[in-house]
Amino acid sequence: MRIGMLTSGGDAPGLNAVIRGAVLTGETVHGHEFLGFKDGWRGLVENDTMPLGRHEVKGVSKQGGTILGTSRTNPFEGRGGVDRINEVMTENGLDAIIAIGGEGTLAAAKRLTDEGVRIVGVPKTVDNDLDATDYTFGFDTAVGIATEAMDRLRTTGDAHNRCMVAEVMGRHVGWIALHSGMAAGAHAILIPEQRTSLDQLVEWVTSAYDRGRAPLVVVAEGFTLDSMDDPHSERGLDAFGRPRLGGIGEQIAPLIEHRTGIETRATTLGHIQRGGTPSAFDRVLATRLGMAAVRSVNDGHWGQMVALKGTEIVHVPFENALGKLKTVPQDRYDEAALLFG
Amino acid sequence: MRIGMLTSGGDAPGLNAVIRGAVLTGETVHGHEFLGFKDGWRGLVENDTMPLGRHEVKGVSKQGGTILGTSRTNPFEGRGGVDRINEVMTENGLDAIIAIGGEGTLAAAKRLTDEGVRIVGVPKTVDNDLDATDYTFGFDTAVGIATEAMDRLRTTGDAHNRCMVAEVMGRHVGWIALHSGMAAGAHAILIPEQRTSLDQLVEWVTSAYDRGRAPLVVVAEGFTLDSMDDPHSERGLDAFGRPRLGGIGEQIAPLIEHRTGIETRATTLGHIQRGGTPSAFDRVLATRLGMAAVRSVNDGHWGQMVALKGTEIVHVPFENALGKLKTVPQDRYDEAALLFG
Amino acid sequence: MRIGMLTSGGDAPGLNAVIRGAVLTGETVHGHEFLGFKDGWRGLVENDTMPLGRHEVKGVSKQGGTILGTSRTNPFEGRGGVDRINEVMTENGLDAIIAIGGEGTLAAAKRLTDEGVRIVGVPKTVDNDLDATDYTFGFDTAVGIATEAMDRLRTTGDAHNRCMVAEVMGRHVGWIALHSGMAAGAHAILIPEQRTSLDQLVEWVTSAYDRGRAPLVVVAEGFTLDSMDDPHSERGLDAFGRPRLGGIGEQIAPLIEHRTGIETRATTLGHIQRGGTPSAFDRVLATRLGMAAVRSVNDGHWGQMVALKGTEIVHVPFENALGKLKTVPQDRYDEAALLFG
Amino acid sequence: MRIGMLTSGGDAPGLNAVIRGAVLTGETVHGHEFLGFKDGWRGLVENDTMPLGRHEVKGVSKQGGTILGTSRTNPFEGRGGVDRINEVMTENGLDAIIAIGGEGTLAAAKRLTDEGVRIVGVPKTVDNDLDATDYTFGFDTAVGIATEAMDRLRTTGDAHNRCMVAEVMGRHVGWIALHSGMAAGAHAILIPEQRTSLDQLVEWVTSAYDRGRAPLVVVAEGFTLDSMDDPHSERGLDAFGRPRLGGIGEQIAPLIEHRTGIETRATTLGHIQRGGTPSAFDRVLATRLGMAAVRSVNDGHWGQMVALKGTEIVHVPFENALGKLKTVPQDRYDEAALLFG
C-alpha cells in the first residue's frame, strides 16, 4: 500500500514520533510506502509532497515540531474539497491517508471519510481536550515544562515575598493548569471550566501568604475576568475600568496586588510549552499511536482514530471524539482545590 | 483521627508528594493529626517517630527520597509483630496507619490487617511491577532519566560508530527497559520476561550497524545470560568461560563485540534512576494517591491500597496486588520489537 | 568574629551557595559566628535577624532564591543611615558585614565603609553588567534557561514557518541576549548597546527565511524601538502610531510581521530566567565567592568585593566596580553578528 | 581558500558547534569552502571525505557527538605520514586543515606543521586537562551532567542513610570531580593529583554521617587505591586481598563500608558525561573557537591553536599546550577540601 501522511493544526511534542512509528512499522513490517504532505491539508490540496521513508524519520522521535510542517489550512476551502483530494491521491497512487491533528483536523477527516476518502486519524492536542482518549501526546511534555517553570518562579517568589502568577496553555480547558499546578503545589488554579470569584482567589492568596508562603497562582489562558464574578470589572474592562490588555495572567496580577497589597508578578509561559524534546511518556505514547495507525490502515478502519484507554491503544470512530470537549470534571477540580490556599 | 505514616523499601521519586498530599488534606480538610515513623517498619517497631504536619511537608513534593527515611526492615522480625505494633499505636494514640511501599510492604500490611491492625496502603515500585495498578509513581521519572541518558549515549555512539549498551533498573520485569528503550529508539531491548538468543541480538545489532546507525541495546538488570540461550556460555560463566562479573550490561557488551566485531561499551545507569526531582506526572499521581489514602482511612478501607486505573484513583484489596508480578505482556514486547534492528 | 550577612536587590541563582560557602568555611575553619539579616538592608536597618549556621545552610546551594530573603530597601532611607547600622551591629555584637548584591548594594556598601562600617561585598547581577569581574553568578543559569527555551521555540517555529521573537533579561546590557542567542543559533540579536535599524533586522529575518529557516530573533528587554531608527515609529509610539504596550518583544513582533509578511510570535521569558536550581558553573563560582568573602573579612579587606578574573578569585575595591556598566564590547557583538541572517 | 576539517579522539559536547562556527563564518564572510574528513585522521589518511557547507551544519550546534565522526587513528601510522597527507590535501585542493582534538591530536598536528603542513588546531578535552587554555568545551557540560546525577544520588542516599560514591571522568586530572563535587556539596573528593589516605577519607565520611548527612564521595576515574596509602591493600589487590575489579568507585565503596559500617553504594557515571546536548556555555565557547580558527587560517597562524583566556579567545603555539597536563593546583584542592567532612 501507499500511504499519505500529514500533520495539521498547532504543533505538539511527539508529532515526529508518531510519523516515525508509522513509517518504520509500515515500511519494514508491512512493506508499505509513505508519502509526506507538507504543512497539513495545504500539502494535500496543493499536492506539495516530500519523500517519507526510513531515512527521513531517522532519529526524529526526540525532536519537537514536525518534519512535515503544519498549518491551519481547511481542506474544503479554496481549491480544496473531496474531488481535489481524490485527484491528488490518485495522482500519487495513494491507498489511504493518516491525518494527525486535533478537533478541526478530525472533523475535516470525518467529512472526507463520509464521502469515501480512506483516512485514519491520530489525535493531537497539547491541551488534552479531546474526548475518547485518556491522554494525547504533547500534554505530558507541556505539563512538565510548565511545572519546571513554576518550580523556578517559586524560588524567586519566595526570595521577594511576592505572589507569582503563571499563565499556561489551555484555551478551552484547564488540564495543563490542573496538572502543572498540582505538581508545583499551586495555591490557586483558575481554569475556564470553573467560575471563581475574585474574593475566593484573594482568600487563597492571602491564606498562603499569611502562612509565610509566596503564593503561586496558575491560570489557564482561556480563563477570563468575566468568569471571575468580579463586581468591579465590567465586561471587556478590567477592575480599573481600562480595556483589558495582555493575557489573563497580566490582567489578573494587578487585581491580586490591588486587593491583597502583596506585590504580584505575572509570567506567560507561551510557546515554550509546545516545543522541544518530547518527554519519554509522550514519545512512547506517540510511537505506539503511529504504529497503531498503520494497523488501522491494514484493517481498513476508515473514519476511526487511534486512542489511549488505560494502558491500551484502541480504535475510536471520529464522531466519538468530536463535538464535545474533554473538560476537567468537577471532582478532579474539587480534589485539586483541597490543596489551595 | 490520628494517623501514623511510614515509607518502606527502596526509595522512589514521589514518596514525599504522597506524604504531603495525605498530610495537607488530612490536616486541613478533615482535622486529622499525623505522626511519622522513621525508616519504615523499623520506626513503627522501635517507636521512633517524628512530627508530621503542614510545616514538615512544606515544599517537599518536588524533592526525591523520603523525609521519613526508609529501610527494608520486616515488621515481624526481631522484637516486632502484631502485639508490639498495637502497643506502639496505642502509645501514640493512633487510629490507623498509612503504609507506603512495594510488594513486601503490602504483604506485611496484609498480614497485619488480617490480625486487626487498621492499615491502608499506597503502592510504590519504581519498576512498575505491581499488579492492580496501571502505573506506580517513580516509574515515569525513572523512564525519563533513563531516556535522557540514552539520548546522550546515542550521540557518543554515533561519533565513534560504537554499539552502546545501557543497563537500566528492572530486577524482575522489563517495564523501564521497554519504555525508555522505545522512547530512545533502541535497536534491541532485553527484558527478564523474554528469552532472547544471542544470535537474535547479534542480528538486531548488525542490522542497525549496517544501516549506518550506532546500535543502542537496552537491557534490564534482571535479564541474564542464562535466558539468552547462548550455547557458548555455561550457567554462571560468561561466553569466555570466566565467572560472570558486573551487571548484565557489562557481561553482554563483550559478547556483542566478540560476535559482531563492533566496538561496544556498557553503561549502568544505577542509582541515578531512582533519585532526584520527580516528574510532573509522578508528582500528580503521588499527590492524588496520598489524598486518596486519607479518604480510605476516613471510609475505613482497611486492607486496601489506592491505585490508578486509567485516569481514576480506585481502591483495591491488598491481595489483588500481591502474589503475581505485573510483567510486560507478550503483545507489548512484540509491538516494541517491530522497531528493533 | 561575628559576621552579619545580607542579600539585597533582585534574586539570582547562586545566592544560597554564596551564603553556604561563607558560613561553612567561616564556622568550621575559622570559628566565626554568623547572623542573617532578613530581606537585605531592611533587616539590618530594622534589626530583623535570623540564625545562620551550619544547620541553616544544609543543602541550600542547589536551591534558587535566597534563604535570607531580599528587598530593594536603601539603607540610608527612612530610619536607616550609618548611626543606625552601627547601633544594630553593636547590639548584635557584629564585627563585620558581608553584603551580597548588585550595583546599588555595592554603592551603599561603599558609602557605609567610607564612614567606617566594616563591610566586604559579593557582586550579584544576573545581567552580568558589573565591571571588574569576568562573570557574576546567576548569569550562566539565566543563559542556560534562555537557551533551552529558545531550543524549544525553534522547533515550533520550524513546524509553522514562523519567525519567533524571544525577549530575555538585560535592562541595560545585552550579555544574556548575546550568549543565549549565540548558543541557540539566533538569526538576529538586539541589545541596548547597539542601535540596529529595522531595515537591518528585516534583512536578517528575510535572509534566514529565504534559506528555509524559521527566523529566531533574540531581544534584550532594554532594547527600545527608539534605538531602532525606525522612521515610521515616533518616540513613545509604535510603527502603527499606537502607544507602545508590553515588552519590546511584543512591540517588535508585529513590526517584523508587517514588514516581512512572515507570521511572527513573541515570547517573554521573564521571571523563569532568574529562579530555580543554579547551574553547576554558578554553584562553583558562588561557593568560591562566599569562601573568599570570609577570607576578605579575616584579612580586613573592608570596602572591597570578591571577583572572578579568569579562573581566579580576586579582591577589588568597590569603586572599581561602580560607576560604569560592563557592556557588551563592539568586537563581541560584531563577532556574534557574523552569524546573523 | 579550501579548508579541510577533522575531529579526532574522544567526542566532546560542542564539537559540532566548533564545526558550525567555522563553516558559517568561513563560507559566508570569507568565501572559503570546506571539506570534512571522516573519523579524524583516518579520513585524511584514507581520503574519506564528506561535503561540509552551510547545509550540513544546519542546527548542529545543539547536537552532541560530531557530524564528522571521530577515531583515535594516528596520522603517522599505517599508510599515513606527511607525504600521504600532502597528497590528499593536493588532491582535494586544500589550502589548510583545521584539526579539532586533544593532546594526541595536537601533538600530531605539531609534527605535521613542523614538516610544512598548514594546520590550525582547536583544543578539545572533556577532562579540561590541556594547558594554555582556561577551559575547553565539553567540560562544562560534563560537570553539569555529573552534578545533576549527584543531586539525584543524594536524595536516595538521604532516604536510606547510605554513603554514595560517584565515579566521574578524569583519567589524569580531577577537574570534573573538583567542580561537580563542589557544586553538589560532596563530603570528599578524590583526584589523581592528590594522595589521600583511607583514614582521611573515613574521617570525612564519618564526620558527615555523624551530623546526620548521607555522605557523598566523588572520585575521579584516574584515582587509584595505590594513591590511598592504604596499608591493607597491596599493589593491584584490594583491601581484602582480591584482584581489583571494576572502576575505582566500585573498589572504594566496599572499603568505606568495611571501615565505617555505613552501607555504601557506587555509581559510575561513564559515557553519559560526554554525550548529548552541550550546555549554553559550551556552545558559546565552541562557536567562538570555531570562528577564531577561521581567523587563524586567514592570518596563517599555522602551528597554533585557539584558546580561552578569561573571556577572550587567543592564539597559542601548539608547543605551549603540549607536554604538560593542566592539573588541579594545590590551592584549588585545598579550597574545596575546606568543605569536606
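Residue numbering begins at 1 within each chain, and the chains themselves are lettered A, B, C and D in the order written.
Definition applied: contacts are C-beta pairs under 8 Å (C-beta built on N, C-alpha and C of every residue); 3 or more make two chains touch, one makes a residue touch a chain.
Chain by chain, the UniProt names read as follows: A, B, C, D = ATP-dependent 6-phosphofructokinase.
Note that the structure is predicted; figures quoted are calculated from it, not measured.
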item	value
Chain C and chain A - chains in contact with each	none
Most distant chain from chain C, judged by the mean position of its C-alpha atoms	B
Chain centre separation (chain A, chain D; CA means) in Å	41
Separation of mean Cα positions, chain D and chain B [Å, integer]	34
Chain centre separation (chain C, chain D; CA means) in Å	29
Chain A, residues touching no fewer than two other chains	148, 151, 154
All touching chain pairs, where touch follows the definition stated at the start	A-B, A-C, B-D, C-D
Complex contacts: residues of chain D adjacent to chain B	7, 10-11, 15, 39, 63-66, 69-71, 145, 148-149, 151-161, 164, 245-246, 265, 267-272, 274-276
Contact set on chain B toward chain A in their complex	20-21, 24-25, 28-29, 54, 58-59, 61-62, 134-135, 140, 143-144, 146-148, 151, 154, 179-180, 182-185, 211, 213, 277, 279-281, 283-284, 287-288, 291, 309-311, 335, 338-339
